[in-house]
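Have a look at this one before I ask anything.
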Amino acid sequence: MNSLVLLVVLPLFAAFIIPVVAKFSPKLSLFTGPVVLCINLLLIMSAWIKVGSGSEAIFLGGFLPPVGIVFYIDHFSLLFSGLIAGMVLIVWPWDAKESRLYSLYMLLSAASFGLVLSADLFNLYVFYELLAVATYGIIAASPISKVPNSSATAASLRYLFISSAGSVMLLLGIAIIYTLTGTLNIAHLATMTTSLDGFAGLSAFALIAIGAGVKAEMFPVNSWVAEVYGTIPRQLSALLAGLVSKLAVILIIRMLLMVFQQQAAFDLLLVVGMLGVISGEMVAWRAKDMIRMLSFSSIAQLGLIFIAFSIAGSKGLWIGMALMLHHLLVKGGLFLMADRFAGHMGKLKGLAKHSPMAAAVFLVFVLSLLGVPPFPGFWIKLLLILNLAEQGGGLYHVAIATILLATVIETAYIFKFVRILYQKADADSTPINKNYSSSYTFAKLFALILLVSMLFVSPISNHLKDIANHSASPHIYINKILPTKQLGDRS
Amino acid sequence: MTKYSALLFISGLVFLLMVITGLLPMGHTPMLVGNAILEGAKDQVGAANVVTSVVLGYRGLDTLGELSILFAAASVVGLVLTKSSFNKHASNNDDKHDHHDSGFVAVNAIDLIFPLLLVVGMYIITHGHLTPGGGFQGGVVLAVAFSMLVIVRPRRVSINHGMVSIIESFAGVSFIVIGVVALFKGQSFLQPLLGHGEFASLWSAGTLPLLYLAVGLKVGAELAGLLLALNTDEVAS
Amino acid sequence: MTFLDHLFIVVFISLIAISALRNLRIVDKLAPVLYGLILIMLVRMSSVAYGGDVYLSSVSLDLLDFKMHWQFTALSWYFAIITVVAALASAVFMSGDWGRQYREQGGNYGMLQLALIVNVFSMILLLGSGDLLSLFIGWEFVSWASFLMMVLSPTKLAKKSAVKYIVYAMTGAMALMVAIVMIYSVNNSLEFKQIGEVFTQMSTSSQLALVLLFFVAFAIKMGLLPFHLWQAIAYAETPGPGAAFLGAISSRMGMFTIVLVIVQFIGLGGLKQLGISFVNMQTLLAWVAALTTIIPTYIALQQHDAKRLLAWHGVGQGGYMLLGIIMFDSIGSAGGLMHVLNHASYQAALFMTVVAVMYRTGTSDLNKLGGLVTQMPLTFLVMLIGIIGLAGLPPMNGFVSKWLVYRSLLVNGQPLLFVAAVLGTLGTILSVYKLIHNTFLGQLRLEHQNVREVPWSMLVPMLGLSIIVFITGFMPGLILPWIASVQESVGLPVIAHHLGGIEYAKGGLDMIWVSGILFYGFGVGALIFYFLGGKSKRVHQYDNYAGGHFLTSDVRYHYSNNFYPGLMHLIGGWYRGSFKWLENSIVSVVSFFSIFFENIYRAKQPVMLLLIGVVLALFALYRNLGVGA
Amino acid sequence: MNSFFTIEGILYFGAISLSIIGLFGLLVSKNLFRMLLSLVLFEAGANLVLVLSGFIRNGIAPIFLDGNSGAVMNDPVPQALVLTAIVIGVGVQALALSLIFRVKKHYGSMDMRTIRSKLEREIATQAGVTPPGSNEAPAPVKLVKGEAHE
Amino acid sequence: MIWVVAVVVFIMLAAALAVLFLPNMIAAVVASAVVSLSLTVIFAIVKAPDVAMTEAAIGAGLSSLILAIGLKRLGYWKTDSIDKVKAGERHD
């Protein structure tokens, strides 16, 4: 099990050697990253089997927690690790000119693995920063052909300012938690929740949530989304919207599930989630091009995920996880195929006639996004709403109303777009991007996965439920990480 | 307008942060982990400087992550500033800076203190586990020393970029290798190896000095590369 | 495997078969056969409509802890048979020459067939639903199936109205979802009978919310006021027989759910207890229904496109159905339920006649038609029967159901509602006269000289439907047992019936007598006419005059443009499209907020948003928790 | 509530004020370079807070020397964390500076607001839509007569 | 001791404000170096010698060097008086 630390270390290793390798053989440096990711996938698979329905903890440096850093491995973290490896492989920049970009992608995946696996608060912060820095770099260095390079740089810079400010907030939150409890290990923190349930403790959570929320596209701090997604290649948007945002969410919910199972924390997530949903959908409603529409729809979906996590306990994790996976498939797929729908909406008339397959794939995605039965999106939305209703309390009811209202708005703008696709082409229509890029193939693959998962709703959901039950339980977490409590428990 | 609303919210934040601070145990923090480390550091890691034990021992992965961040930053700076496809129309005359040597005082002073800086830097790195300081601080000194040479004499002295990147790769790789060796011995990643040696002597604390050396080299190479990349005109490179 | 399972399997196989073969010519022959097969299976299940046992499906899906099952009650069966007959008629109608012409004009005939079977499939699924979740899924299926049919028309307006429809439908679905969630959250169960149980446990405000949510959901599908704006244009723009099918039955799924949920489980007592003094939920719904009969009917009067005129009537007729059922007595509810079948039959027939006229002349613009009676006499006959039914005049079936509704209103002491219903009927008569006059009467236009009667593939379903219109009007006792068992199954008082009509203490109705007297009267009139030496003279269609001027045969005279000018002026005075204004204002509100949020997202300095977010979050926590720790 | 007039009280006050000054600078300055300086201040304040979380009154530095075996030591963990945070901070700073160079080169301006509007316009142009109106006064919504009443 | 701390904190905050409000960029960078140096002193006072060294080397040294390079390349390397700033090139 100790070897699972290689998930993080191998990409770092690759990142360090890629520049040197590139000096001797550029070809080799191109393949280093994918090879490492494939090895990681194998590692993850073997660990998946080995872990079974249990979980494992890796004590880095051989120091027993809470003094050392711990990696916590269960199916939840392995699932997302697998997704990271797969997603980075899908969007791997095969045609990049600079080997340093490969390094950055490797750093990004290493940071992602670390974020998923680590059970130490400050270690999470370090990986979060690594992820952020790698992201700035990738954004700034990955212009789309048509845009002058520097608009991506400007977007990246604006992103950097808000994201760094968010990181500082995160750091402040960590400082408050450390001052209050004297520990950074999340399992250890979970044993002393009583010292964190006051105003100071919860404000630390608020700082962490909003600080990390910058990456998670949380409501007030997500104005970078449209700027960044508007200037980078669509594959990269698929990576950022599909996966990277989820990693920040995982950071937040680790704290929420293990340490801050309190109504005030749930309410905070609920409110920002609701605002995110409604504002995202409303702005998307006014969007005139696909990318902007997708960007804001992504914000709304992340809001939905936050709403899901405001349900206490394993149910929240279960539904939230389902939502995250669904959003990864749908939004990832939509962004991957967005190149085919580039440009002003009004100029896309007749696209459905021209490439019916693309239109059909698009329809599959959006119908699932809207939650039309029998697509998986419907079941997730149903579960979410029924469970919100079970929570009771006025705010949860408002959330239900918000979600449903947002769905109506979403229908309106998506079908406004679909209508244009199915209109007759006229002189104004732009010639359609006909080159079948590999990302479009992956989009089709995503749609296929979505359709297949439609048939296996029950087994998938049961499986996710098991994973969630296991991962959301602080007891298992504490027992695994702190087998023997050496330190005084203040609670 | 922005100023006033900013002021309003800022004052709100000040108030709330002060309230939070008032609730914190100032000056007598619980230190659960801290005390455990202070008790165990001597035996578990064996470095006189407990901070070093924490940085490289207990929280070695953080340090690796931090090195990666520096590496990422340096890579990005390199990527961003050495792009050949540049929009020239907006270029500004201010950016053209002369390639002449700096003045007599600067050149000679740097020449004079360069060896001194090297020695100091290496000293700080190698004694990181004993006294305050270590890889980061020493690395910075090294980086500044080398880049100063170039900055004061941009035309005559140049640092081989390839060499820098090889050093940084090598240092990073060796950090990881030291960690992975433990893995191969059936232990955990970054578990301290080698004997602890005599406490508070130069050859103590197992692999820690080696790790710090790697960190120092890495930080030095990284920052030197960074400084040079920032300082060079992208047209030139 | 129960018989219901077989039905579902057959419908599903039909769906697969038609979707697989939709681009081959064979689908023309196959589709009617398949609908016929489904119809036969339904007929074999007819025991349920005569008081037999409910058919249960052996399939029950366990998805995510929810148990879904399906069943066929008398109510389901009644709606299903209407659906399948309408589908069969439409399929036959489009299978021959109409389909050929549609293909030649570039229409996607295969998709039309597919959309029809998808609609039938989803409606049967909805009708067979056995719990709230399967109901919701069926509901969504029906919405999207209708959407599929509407978008087939290539015109821009059609697509726009289809999108409008789907937004409305989604709103309805979400309202239904909230209602279901409200029920689920009380007992964590999705069974139908929970509705009644939960309803009694709820507080008054929750009850009110529940009823309103259900009603909004169903009213949107029904096209009741004030949610009627989507329907007419969307249906009118649907290609040919699709419009006939949708107009006949699709929106009646709303009626089905109203009966299933509101009538069956909430009931009169539930509705009556919600309200202050004399205004309760029942009167509110009744007035919604009454206004629905009036306003859309008079909008129909203003239309100059035949399909739109009919589609607006479809909206208006929904009001009668609700008006009847909301009275909760035996004759009123029987009238409401029966009106579903009656309306389906004549609406389908009328749409088909209009499509037939379009097939020959290429237009449905009432200002560009006229005098077609000589060229298309059978179509004229069908339309005549249809409009008599639509106007609710004897001896057609529309009279029976409307009579029952009027009777119920009078008996229940609702004279104002009665007046409203009669007003609606008045508008109907005026506008159907406009329809038949502008299409078939007057002088034939020059460009229509060569128009011929439509082929038999189109005539047969039209004539078949008009026979149904007549037979069920002449002998309503054929239908009334079905109605009675529906009433029994949903817990309404059961109507006493015989072959000719109903028995009712305060005056029954026997259509055989009524029709007999009517025909007898005609016969007597004819006899008197001939015995008094009445001479008839055949006059050529062009051989008439206007205002003392004899018209020559090269100037065709047909008074169709600007029909009913005085009345139009009157209507224009008080009806200024207030509902459209409402719709637009909702859009502006959304627009306002979206601009507001967009400006937030366009912040010059995003860190400001971070600051505001942090401060507000901390402040909320501070307010909630204080600093007592 | 603690008293603020102690060493740690003053230091906490200083740390928070430093952060706040940095944040304020980030908000009010238009110049990218000054925003960067403010960001550095902001981070420095947070670092100070983190160091203070390990501060023990009368504690000594966490280094084992010959004479201090019995003394109370400060918490070494936050110091290690701050070490990391400072290095991260300087990395981000250099990165931001390089981005600023590029932005300055491309837009010829250091004003955040100008850059934002230019960026917005570029994104809109790339997406093929009309650029959005000014933030202060939204562009008048053009209501085409027919569209509003359909 | 407490007064020493108070004075250092005061210097630090004054320098921080100077960073924001000095019109000349060089002065602002110098002020930020002053902030770093005060921080170094504070770190030394709170018995965190490692952090103090790091802050001195990185915060006051390296960071200032980077910012100085930035000044140079962004064209702020001039010791103009406020008059000129007012005349045309406002940096703020």
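Which chain is which? They are A, B, C, D and E, in the order written, and residues in each are numbered from 1.
Please note the rule applied: a contact is a pair of C-beta atoms (placed from the backbone, for glycine too) under 8 Å apart; a residue touches a chain by one contact, two chains touch by 3 or more.
The structure presented is a predicted model; accordingly, all values stated were derived computationally and were not measured.
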item: Joint neighbours of chain E and chain B, given as chain labels; value: D
item: Length of the shortest touching-chain route, chain A through to chain B; value: 1
item: C-D or A-C, whichever has more C-beta pairs in contact; value: A-C
item: Chain occupying the middle, per Cα centroid; value: A
item: Rounded Å distance between chain C and chain E, as computed from the means of their C-alpha atoms; value: 76
item: Distance from chain E to chain A - Cα centre to Cα centre, in angstrom; value: 38
item: Between chain A and chain D, centroid-to-centroid distance (C-alpha), Å; value: 24
item: Where chain A touches two or more other chains at once, by residue number; value: 122, 126, 129, 133, 136-137, 140, 148-150, 153, 158, 161, 165, 176, 178-179, 182, 184, 198-200, 203, 226
item: Multi-partner residues of chain C (each touching 2 or more other chains); value: 160, 591, 595, 598, 602, 604-605, 607-608, 611-612, 614, 618, 622, 627, 629
item: Chain E residues counted as touching two or more neighbouring chains; value: 49-50, 54, 58, 62, 66, 69-70, 73-74
item: All touching chain pairs, where touch follows the definition stated at the start; value: A-B, A-C, A-D, B-C, B-D, B-E, C-D, D-E
item: Residue ranges of chain B touching chain A (in the complex, touch as defined); value: 16, 19-20, 23-25, 29-34, 36-37, 40, 44, 57-62, 64-66, 68-69, 71-73, 75-76, 78-80, 83, 85-87, 162, 165-166, 168-170, 172-173, 176, 179-180, 182-183, 186-192
item: Residue ranges of chain D touching chain E (in the complex, touch as defined); value: 5-7, 10-11, 13-14, 17-18, 21-22, 24-25, 28-31, 33-34, 36-38, 40-41, 44, 47-48, 51-52, 54-55, 59-63, 74, 79-80, 82-83, 86-87, 90, 93-94, 97, 100-101, 104, 110
item: List of chain B residues in touch with chain E within their complex; value: 49, 51-52, 92, 94-95, 97, 124, 132-134, 136-137, 140-141, 143-144, 147, 223, 226-227, 230-231
item: Chain B-facing residues of chain C, complex; value: 604-605, 608, 611-612, 614-615, 618-619, 622, 627, 629
item: Chain B partner contacts - residues on chain E that touch it in the complex; value: 49-50, 52-54, 57-58, 61-62, 65-66, 69-70, 72-75
